[in-house]
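What follows is subunit A paired twice: with subunit B in the first complex and subunit C in the second.
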Partner chain A sequence: MTTLLEITDLSVDYGEGAGSTHAVNHVSFALEHGEFVGLVGESGSGKSTLGFAVTGLSKPPAHVVGGSILLDGIDIASLSQGDLREQRHGGVAMVLQSGMNALNPVRSIRNHFVDIFRAHGHIDRADWSSRAEELAAKVELPSSVLDRYPGELSGGMRQRVSIALALSLEPKLMVFDEPTTALDVLVQHAVMDTIIELQKKENFTALLISHDLGIVLESAERVLVMHEGEIVEDAPSRQILENPRDDYTRMLLSHYADPRAEVVELPGFEARTPTVSSRTRRQDQKAIVVDHVSKVYPAPRRGEPQVTAVDDVSFTLEPGQSLALVGASGSGKSTLAKLITAVEKPSAGSVRFGDLDVGALRRGQFRQLHRDVQMVFQDPYAALNPLHTVEYTLTRPVVNFTGLKGLDARRRVLELLDTVGLSPVEEFAAKLPHQLSGGQRQRVVIARALASNPQVIIADEPVSMLDVSLRAGVLALLEDLREQWGVSLLYITHDLLSARVVTDNIMVLNGGRVVERGNTAEVLRNPSDEYTIRLLDAIPNPGRRDVA
Partner chain B sequence: MTSVTIAPGSADISAAPRIAGSGRGRAWGYVARKAGLLLLTLWAAITLNFILPRLMPGSPADAALAKLAQNGPVSEGTKAAIEAQLGVPTGNILEQYVAYLHQVITLDFGVSYTFYPQSVSELVSTALPYTLVLVGVVTIIAFVLGTLLGVLAAWKRGTWLDTLPTLAGSFASAFPYFWTALLLLFFAGYVGRLFPTSGAYGPTASPQFTIGFLGDAIYHAALPALTILITSLGGWILGMRNTMISTIGDDYVTFAEANGLKPRTVALRYAARNAILPNLTSFGLALGGVVGGSILVERVFGYPGIGYLLFNAVTNQDYPLMQALFLMITVSVLIANFLVDILYGVLDPRTRR
Partner chain C sequence: MSTQSIPPSTRAVRAIEEASIAPAPSPLKVVLRVASTVWSNGKARIGIIILGLMILIAVFAPLLAPYGARQNGFDRSADASAAHWLGTTAAGEDVLSQLIWGAQISIFVGLVAGLLSTVIAVLVGLSWGYVRGFGADVINFIVNLFLVIPGLPLMIVIAAYLSGGGIGMIIVVVVITGWAWGARVLRSQTQSLRSRDFVTAAVFSGERPFRIVFREILPNMTSLIVGNFFGAATAAILAEAGLEYLGLGDTTVVSWGTMLFWAQNSNALLTGQWALLFAPGLCIALLATSLTLINFGVDGISNPRLREGSKR
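And now, the complex of A and B:
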C-alpha cells in the first residue's frame, strides 16, 4: 500500500491571539490508499475541526496555524481557493454530519448532480442523466428520486443522496463526518452497511468521524482516538477492542456493553437485581394506568390515510417501578408520553393517574396532574431558556407547585441542585445555560422536573444527545431518584443498552402497537418478536466487520 | 378544488412517507387554492367596507345639512335635494348591499365632494397612473437593487463591498421620508435647479402618449423617485444581507462548497436563492402599499398621485373618495399578496403541497 494522505504536526486554532483556543493540537497521522479508518472522540475533541481541515473547508474563526496536509504529495492547506475547488474532483469529498440539511431545499436532486457535473466538466453532457441514475443506484435509490426535492425524501434517503453526490466527484478520499448520527436506529444501520459496501466496491479511502466507538469499531480497520485536540491512540480496530493502551480509550470502551449479555455493567452501575423494583417507600403513591389507548391523527394532506400513532396500548406503571418504552422513531413512544402528560388527548381508551382521568382534564386542571407527573426532555440545549439563570429556571416551578416563597424557595432550589449532583450549589444556581456542559444541563432539566416533588418522571431519550462518558452519570441519577425517593420512571428510548441498566420491565413498540413486553433482561436476552430482534441487531457490533 | 396526481414511479420508493403527488395537477391545485382564498378575502373586505360606515352614527348628508344649518334654516326641498345628491341609502339593508355590490363591480363610487362635480372613478383613474409608475417602478427598482447589493454584501462579508452599502443604506434609511425630500427639494431643485420642484409635468404639457410628454413626466418624477429610492433601499440591503448570511452558514452551502461548485453557483443558486424567500413577504407588502401611494412624498412634491388625493380626501372629509380609495388599497394589498403566494409556489417546492 502507498500513502494517500499524510498529516504532519497539524494545528488548528479558533480565533486569534490571546483569546484563541487550540482545537487541533500538533496532530500527525497517515492514511494508506484504500484504507477505512475511524476517527472517534467526544464533543469538543476537535474531530470535526480536523475533518474540515482535511477537506480544506475550515472557515473563520477556525484556521490552520501550522503543519501540513499532503494529499498525494500536494499540500491542501496551501492551495489557492481556485486550485482547491478544482482538486475536489478526484480529490477529497465530504459527507456532512447533518446530511438531512446538506441538500438545497429548492433544487431537485437531479439538479444537485447537474451542478457538480457542470462545475467539474468530468462527465459528457449527454451522459449526465444516466450517470446520475447510476450513482443513485449505487446508494440503493431508485432513479425516480432524481425528480424529487429534498423535502420529499426521508432522512435516510437524503443522506444516501449526499453520499451519491460526494461519490460523483470520483474522490480518492471520502470523509464521513457523523454520517448517521441524526438518523433513526434501523436506518442508521442500513446506511452504514451501504457505506461499508461502497468503500469495498469503489475502492476509495474512507475516514469515518464519529462519537460512537461502536459504529467506528464495526466498520473501520484502524481507529484514531481523539481527545482534547490530540490523537491519543492510533491502532487497528481489533487491538483497540482487545487491548486498548490509552486510559481515555479504555474509559470510552467501558461504556459499551452488549444488552444481550447475561450480566451488564456500566461505570456506576452494578448488575441489576430485579426484585428491588416494585417496592416503594412513599405513601399514597399512585399508578399510571393506560387502558386500551389509541391516538389517531388526521391525514397530513387530503387524499392520504389518517395516521394511527398509538394503536390499542395498555399497560400499568406501578408505583416505584421503572419501565422502558423502546422502539424506532415513528413507533409511537413519544406520542404515548404526550398522552400521559395530557399534551394530547386519546382518540380511544383512557389514561388514569390514580383516580384522575388524564384524557378528560381541561386546561385549568393540568396542574393537578403536573404536580405529580413530570417530564425530562431529549434535548437539554433546547429545554432551557438561554436568558434565565439556573436559579430562575428552578424557582419558577418551586413557587408554582409548592407555594414556597423567598428564602424558603431558594433553599429548596439549592436542595434540588444538590440532589442532582450539581455542587457547589450556589455557584451553579448563578449560571446561565451556555455556561454548562450538556450533562450539567440535563441535570438542571431533571432538577426542574423534581421541583414539584413528583411521583412519576417520564424521561424521553434523556441521554441520546449526551456524550457517552456523560450518559452513565445521568442514568445513575435517574436510578438514584427511584431508589432514594421512590419516583416511578417511564424511560423512553431507542437505546436498548441504557434500557437494560435503568429499567426492570420493558415494552417494545412498533407502528403504535406493543409487540413484546416483559422483564427487561429476559426480553433482551431472549427476544421473541422479529422487530425486537432487528432493533438488537442494529446495535453496532464491533465484531461485524470481521465476520463480513 | 385540488386534484392530486400521483407521479409514476413514486410507488417504488417505499421509505418515503412524505411524497404526495407532483407535477402539473398539484401546481394547479395550489393556484386554485390560493385564488379561492383571494376571492374569499376580497369578498370579506368589500363587505366590511359596506358594513363599517353603516355602523357609524350620522351620515355625510347630516354633516352637510348641519353645515348649511349654521347659515340659517334649511328647507325641506333643500334637504331632499342634498340627500338625493349624496345618495342617502334607501330600501332595506339587503337591497342596499346588492346595490353596493353593483356599484363596486361597475366601479361607480359616486361623486366627490371636494372636486364636485367630478366622479370618484374619474379622479382615481387620473391619479392612479402617476402613483403606479412613480411608486411602483421605484419600489421594484429598490427591491431588485437592494437585494443584489445585499447578496454581494453578504458574500463579500467584511470587505468594503459589505461595509459601504450597509453603512450607507442604514444611514440613508434612518432619515425620515420628508426630511430627505426637503433636502433634495432644496439642493437639487431650488439651489441647483437641476429638477423641477413640483407637479407631474410642466405647465405647457398636457397628458398624452408622446415621447415629449413622457420625457417631461420622467423629469418631473426624478426627485420624488430619488427620495423613495434613497429611503427604502437600505431596508432591502440589510434584509437580504442578514438572511443571506444565515443561509451561507447552512449545511447545503458548505456541502456545495465541499463538492467544488463554482463560487458563483454557490452564491446565487444555493445561498441567495434560499435567502430571498423570506424577503418576498416584505416585497409583497411593499407592492400592496404602492397603490396607497406615498402620502408624504407626493404631498411634499405636489405630485398628483393617489397619496395626494387621499390626503385631500381626508382633510376635506370627502367620504365617497375616501371609501373608494380605502377599498382600492385593501384590494391591491390582497392581490399583491396573492401574486407573492404564487411566486412562492414557483420558487419554493415546499409550499406547493
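And now, the complex of A and C:
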C-alpha cells in the first residue's frame, strides 16, 4: 500500500492573536490507499475541524496556522480556491452530518447530479442520466429517486443521496463527518452498512469521523482517538478494543456494554442488580394511569390518511416505579410524553394522575399537574433561556410552586444546585447557560424539574445530546434522585443500554402501539418481538465485529 | 440585563453576597458589548456619525442658527450670500436657519413616532404570536386590514380628518399606519421562539402566559426590535416630510417638510432657488440613510455571519 494522505504537524486555530484557541494541535498521521480509518473524539476535541482542514473547507475564523496536508504530494493548505475546485475531481470529498439538509429543496435529485457533472465536465452530456442512475444504485437507491425532490425523501435517503453526490467525482479520499448521527437508530445501521460495502467495492480511502467509538470500531480497520486537539492513540481497531494504551481511550471504552448481558456495568452503575425496590415510598403518592389512549393528527396534506401517532396504549406508572419507553423515532414515544404532561390532548381514551383528568385540563390549570409531574428535556442547549441566569431559571418554579420568597427561595435554589451536584453553588447560581458545559446544563434542567418537589419525572432522551463520558453522570443522578426522593421516572429513549441501567420495567413502542412490555432485564435478554430484536441489533457494539 | 431579570427579593440578597459571587455580566457591560458590535461595522459607524451630528445640530439649534426660524424681513428670494449662506425664502426668511431649526421637528417626529409604532408592534406582535385560536384570527384580520390598505392614501385621509392638530397629529397618523408590518415580523419570530424547549420549560415552571411572552421570549428578540425601531423611525421621517409637503400638517411650523411645501408653493424651481428645494430634501434623505446604515450594524448583533470582516 502507498500513502495517499500525509498530515504533518498540523495546527488549526480559531480566531487570531491573544483570543485564539487551538482546535487542532500539532497533529501528524498518514492514510494509506484504500484504508478505512476512524477518527473518534468527544465534542470540542477538534475532530471536525481536522476533517474540514483535510478537505480544504476550513472557514474563518478557523485557519491553518502550521504544518502541511499532503494529498498525493500536493499541499492542500496552500492551494488557491480555484485549484482546490479542480482538485475535487478525483481528490477529496466530504459527507457532512447535516448532509441531508445540504440538498436544495426546490431542485430535483437529478439536477443535483447534473450540477456537478456540468461544473467539472468529466462526463459526456449523453451519459449524465445513466451515470446518475448508476451512482444512485451504488447507495442502494432506485432510479425513480432521481425525479423526486429532497422534501419527498426520508432522512436516510437524503443522506444516501449526499453520499452518492460525493462519489460522483470519483474521489480518492472520502471524509465522513458523523454521517449517521442525525438519523434514526435503525436507519443509522443501514446507512453505515452501505458505507462499509461501498468502501470495499469502490476501494476509496475513507476517514470516518464520529463521537461514537462503537460505530467506528465496527467499521474501521484503524482508529485515531482525538482528545483536546491532539491524537492520543493511533492503533488498529482490534488493538484499541483489546489493549487500549491511552487512559482516555479506556475511559471511552468503559461506557460501552451489551444491554443483553446478564450483568451490565457502566461507570457509576457498578453491579446494578436487575430489580431494585429498596426505595422509601412517600406518603400519598399518586400513579399515572394511561387508559386506552390514542392520538390522531390531521392529514399532513389533502388526500393523505390521518397520522395515528399513539394507538390504543394503556399502562400505569406506579409511585416510585421507573419505566422505560423505548422505540425508534416516529414510534410515538414523545407524543405519549406530551399527552401525559397535558401539552397535547388525547383523541381517545384518558390520562389520569390520581384523580386529576389530565386530558381535560385547561391552560390555566396546568400548575395543578406540573406541581407533581415535571419534565427533563432532550436538548440541554435549547431548554434553558440563554439570557437568564441559573438562579433566575430555578427561582421561578420555586416561587410559583412552593410559595417561598426572598431568602427562603434563594436558599431552596442553592439547595437544588447542591442536590444535582453543581458546587460551589453560589458560583453556579450566577452563571448564564453559555458559561456551562452540556452536562452542567442538563443538571440545571434536572434541578428545575425538581424545584416543585414533583412525584413524577418524565425524561425525554435526557442524555442523547451529551458526550458519552457525561452520560453516565447524568443517568446516575436521575437514579439517585429516584431512590432518595421516591420520584417515579418515565424514561423515554431509543438507547436500550441506558434503559437497562436506570429502569426496572420497559415498554417497546412501534408505530404508536406497545409491542412488548415487561421487566427491563428480562425483555432485553429474551426479546420476543421482532422489532425489539431489530432495535437491539442496531446498537453499535465494539466487540461484535470480527476485526480484520 | 441579568440584574434586571432577577426578582427584586433576590436582588437584595445578592447585593449582600455580591463579594463572594463571581459577577455575571452587568447590564452596562452588555450594552457596551452591543455598542461595540454596532460600531465595528463600517456602514453603521458612518450612520452613527451622521445621526449624531444631526442630533447635535438639532439640540444646539439656538446657538448654531444665525437667525430665528421665522425671522423674516430679509430680501425675498435672495441667492446665496455671506449673510445668508443658502439664500432666503419667498417670505424673506433665512434658509440655513430654517434648515437647522427644522432638524428638531424631523428628528423628534422620527424618534417618537418610530418608538410608539415599535411599542405597538411589540405588544400586538408578541401576544399575536403567542395566542392560538380565535383571538389570533381576530388580530390577524385587523393587522391584515392595515397591511392591505395603501399607506399614503390612508395617511392622507386620516390627516385630513384630524386636520389642524400639528406635530401631535402627524405622529398619530404615522403610528396608526406604521405599526402593522413590524407586528407581523415580530409575530413570526415569536411563533418560532414559542416552540423552543425553554418556553415549554417555562410552562412547566408554572409561569403565566404574560410572563412567558415578556420575560422569556421578548429579551431573545431585542435586536429584531431595535432593527424594527430604526426602520419605523426612517419610515416616520419620510411620512412626516411627505404629509407636510402635501400641506396636511401645520404649515406655520418650520420643519423640513413644510420648507419643501413653501418652496413648492413659491415655485422655487422656476425662480432658480435650488438650495431651497434641495437642502431640506437632502437632509431628509441623509437622516433616513443614517438610520438605515445603523441597521446594518444592528443585524450583526443577532447574526454574527453578517458582521463585517467575516467572509462568507
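Just so we're on the same page, the second predicted complex is superposed on the first by the 538 of 548 C-alpha atoms of A that agree within 3 Å, B and C clash if a C-alpha of one lies under 4 Å from a C-alpha of the other, contacts with A are read in each partner's own complex, and residues count from 1 in each chain.
Just so it is clear, a residue touches a chain if its C-beta (ideal position, glycine included) is under 8 Å from a C-beta of that chain, and two chains touch if they have at least 3 such contacts.
Since this is a predicted model, take the numbers as computed values, not measurements.
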Give one word, clash or fit, describing how subunit B and subunit C relate on subunit A after superposing. clash
Would you check which partner chain A:151 touches, where first means subunit B only, second means subunit C only, and both and neither mean what they say? first
Under the stated touch criterion, which partner chain does A:203 make contact with: subunit B (first), subunit C (second), both, or neither? neither
Would you check which partner chain A:385 touches, where first means subunit B only, second means subunit C only, and both and neither mean what they say? second
Partner chain(s) touched by A:78 [first = subunit B, second = subunit C, both, neither]: neither
A:400 in the overlay: touching subunit B, subunit C, both, or neither? Say first, second, both or neither. second
Scan A:104 for contacts with subunit B and subunit C and give back first, second, both or neither. first
Is A:365 in contact with subunit B, with subunit C, with both, or with neither (first, second, both, neither)? neither
Touching both subunit C and subunit B, counted on subunit A across the two superposed complexes: 59
Flag every residue of subunit C that touches subunit A in the complex, lowest number first. 1-2, 5-7, 9-10, 12-13, 17, 20-25, 196-198, 200-207, 209, 216, 219-220, 310-312
Residues on subunit A engaged by subunit B in the complex (per definition of touch): 55, 57, 59, 81, 85-89, 93-94, 96-99, 101-108, 115-116, 118-120, 141-145, 147-149, 151-154, 156-157, 162, 165-166, 169, 301-304
Spell out the residues on subunit A that touch subunit C in their complex, using ranges where they run on. 59-61, 341, 343, 363, 366-367, 370-371, 374-375, 377-379, 382-389, 391-393, 395-397, 399-401, 405-407, 409-410, 426-427, 429-432, 445, 448-449, 451-452
Would you tell me which residues of subunit B are touching subunit A in their complex? 2, 4, 7-10, 12-13, 15-20, 22, 250-252, 254-263, 265, 269-270, 273-274, 277, 347-350, 353
